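Read from first to last, the chains carry the letters A, B, C and D; within each, the first residue is number 1.
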Amino acid sequence: MVPRKIVIGVMGPGEQAKDIDIRNAHELGKRIAREGWVLLTGGRNVGVMEAASQGAKFANGLTIGILPGKTDEGISEAVDIAIFTDLGNARNNINVLSSDVVIACGMSAGTASEIALALKASKKVILLTDDEESKLFFQKMSPENVCVVCDVENAIAKCKLYLAYRHN
Amino acid sequence: MVPRKIVIGVMGPGEQAKDIDIRNAHELGKRIAREGWVLLTGGRNVGVMEAASQGAKFANGLTIGILPGKTDEGISEAVDIAIFTDLGNARNNINVLSSDVVIACGMSAGTASEIALALKASKKVILLTDDEESKLFFQKMSPENVCVVCDVENAIAKCKLYLAYRHN
Amino acid sequence: MVPRKIVIGVMGPGEQAKDIDIRNAHELGKRIAREGWVLLTGGRNVGVMEAASQGAKFANGLTIGILPGKTDEGISEAVDIAIFTDLGNARNNINVLSSDVVIACGMSAGTASEIALALKASKKVILLTDDEESKLFFQKMSPENVCVVCDVENAIAKCKLYLAYRHN
Amino acid sequence: MVPRKIVIGVMGPGEQAKDIDIRNAHELGKRIAREGWVLLTGGRNVGVMEAASQGAKFANGLTIGILPGKTDEGISEAVDIAIFTDLGNARNNINVLSSDVVIACGMSAGTASEIALALKASKKVILLTDDEESKLFFQKMSPENVCVVCDVENAIAKCKLYLAYRHN
């Protein structure tokens, strides 16, 4: 039987995403799709979620959205499969548990909760942000599971490394 | 942009599934895959979940498993994309909210909770069981949203009807 | 150290509660409070939840409300301690897991989901309803854990029996 | 009718709690109980949860534990009312949504997720820790909702201020 698909989660700010986060998220989505991986996001039509999903669709990838609500309102059109949780932000835990690797692209309260929940679950987290306080905080919290990268190229490279390690 | 994929949920007993439930579930999975729909189940490697997922993979379909736990233990090998909720049976609400149509194949406490949660959310439920008490109970509860069928053929036909209705 | 408090859950319809359900729920709340037990409900200001909470406060009891949302909107004024879950109906699983005994007072889709989730968790359920289909359905599902009673008096008596059994 | 009880959440590390966190948590529990407030914690029998609950019971307070699991295993004996969520760490969102004010006592991945979820929900968070990176990170994230204090005395004073503000 064909093995389960690899799922990469891209987490990041919604409404408060910066331009650089949006650009990185779009590129991450594209690169993830080109690797043949499934993209998982929080599924909303704003910020990093929207940009990553659009990037993945641009490269003909498959996109999963783990929505906080239960209706179509506010869902990204670039989501192929919508998981309606109706859990509000408690769904953030599902986002990270369902991702083989978590990439945090930018920073916000929601993103911070996802990184923290990922670390609590001993998941690998790749941190793509220029926010110095975030880097210091999360690297101190879990030096072995948090990896800071400076661009999309390195995020994808790290992702491959983690996946290779996981399968051995 | 390509519209979101259609997701059909097949819910049913795990360990206590009857032979007829297993056969029906396998056939439902096959037929759902052949329609080009995504199959959603509770993702475990027993009973109706396992049989439906195996059926869908036999027909080269795409399968989503909404798992109650957070590890690979007990997951069906026929699940392509695993959503690890770590919510226990609270994940049953996600199962039904994420399904465009819910097909209940057989009966158990877990299945009954899913049907009830689906009706609470005004979802259409197709009931494929020979259990008389179940039919009477759920049809009385929601005559407009519960539809009893006697075989897989009719379940799929009803499914198409509901989907057509939904898109108009 | 003083042992943990005994928590009795009263579940039942909200908006669609019948007069008899409301009267029974109010009396159940009173009787539960007089036994020194904590009352747990879904916390909303309608139907069985509201009536049971009011009954318990009338007898100076302590009331817990497990709310589906995250704001004060729609919360019963007779709830002493509000647990805001923001889980929608997935909170129904918390309602039953947190109750030492579950009393279902009346019937609705939400109530049915709670009974089914309680049975899935091997909890004792006391069913106070005149709905014949419900009795037949749930007693067949779990003859050992479902007990049908005809009035509040018997519901409380059964409750005591289950609690005594539990502590031995 | 008597108004709803005030609920103060004390969040902090479990197994990895430092001695100073334990001492602070015990004192926080005592002080919270003496104010007549209800103490809410994650309910486990380790670290800050255990110490705060013990402190509150020492002062005859009422303690609520929002448990990640569904059984008595690992629950603090100082919890009066146990809410069994079976949500794993997704229950962290319930902890903060159900607290009128959140006090973070010490730091860990779980605690960080709770602070972040609290800020996402626009809750006030009082941060009692000597971890410099945590202070810098969370104060930058939400200068208006995060308040760093140096001891229990100031934590309680801040708590009163927030509660007074809330009721006006």
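Things worth noting here:
The criterion applied here is as follows: contacts are C-beta pairs under 8 Å (C-beta built on N, C-alpha and C of every residue); 3 or more make two chains touch, one makes a residue touch a chain.
As the structure is a prediction and not an experimental result, all values here were calculated from the model.
The pair with more inter-chain C-beta contacts, choosing from C-D and A-C, is C-D. Between the Cα centres of chain C and chain D there is a gap of 28 Å. Mean C-alpha position of chain A lies 40 Å from that of chain C. Of all residues in chain D, those that touch two or more other chains are 70, 86-90, 93-94, 121.
Viewed as a contact network, the protein chains are fully connected, with every chain touching every other.
On chain A, the positions that touch chain B within their shared complex are 1-2, 4-5, 7, 38, 57, 64, 66, 70, 77-87, 93-94, 97-98, 121. Listed in rising order, the residues of chain B touching chain D in the complex are 70, 86-90.
The touching residues of chain C, counted against chain B in their complex, run 87-94, 107-110, 112-113, 116-117, 119-121, 133-134, 136-137, 140-142.
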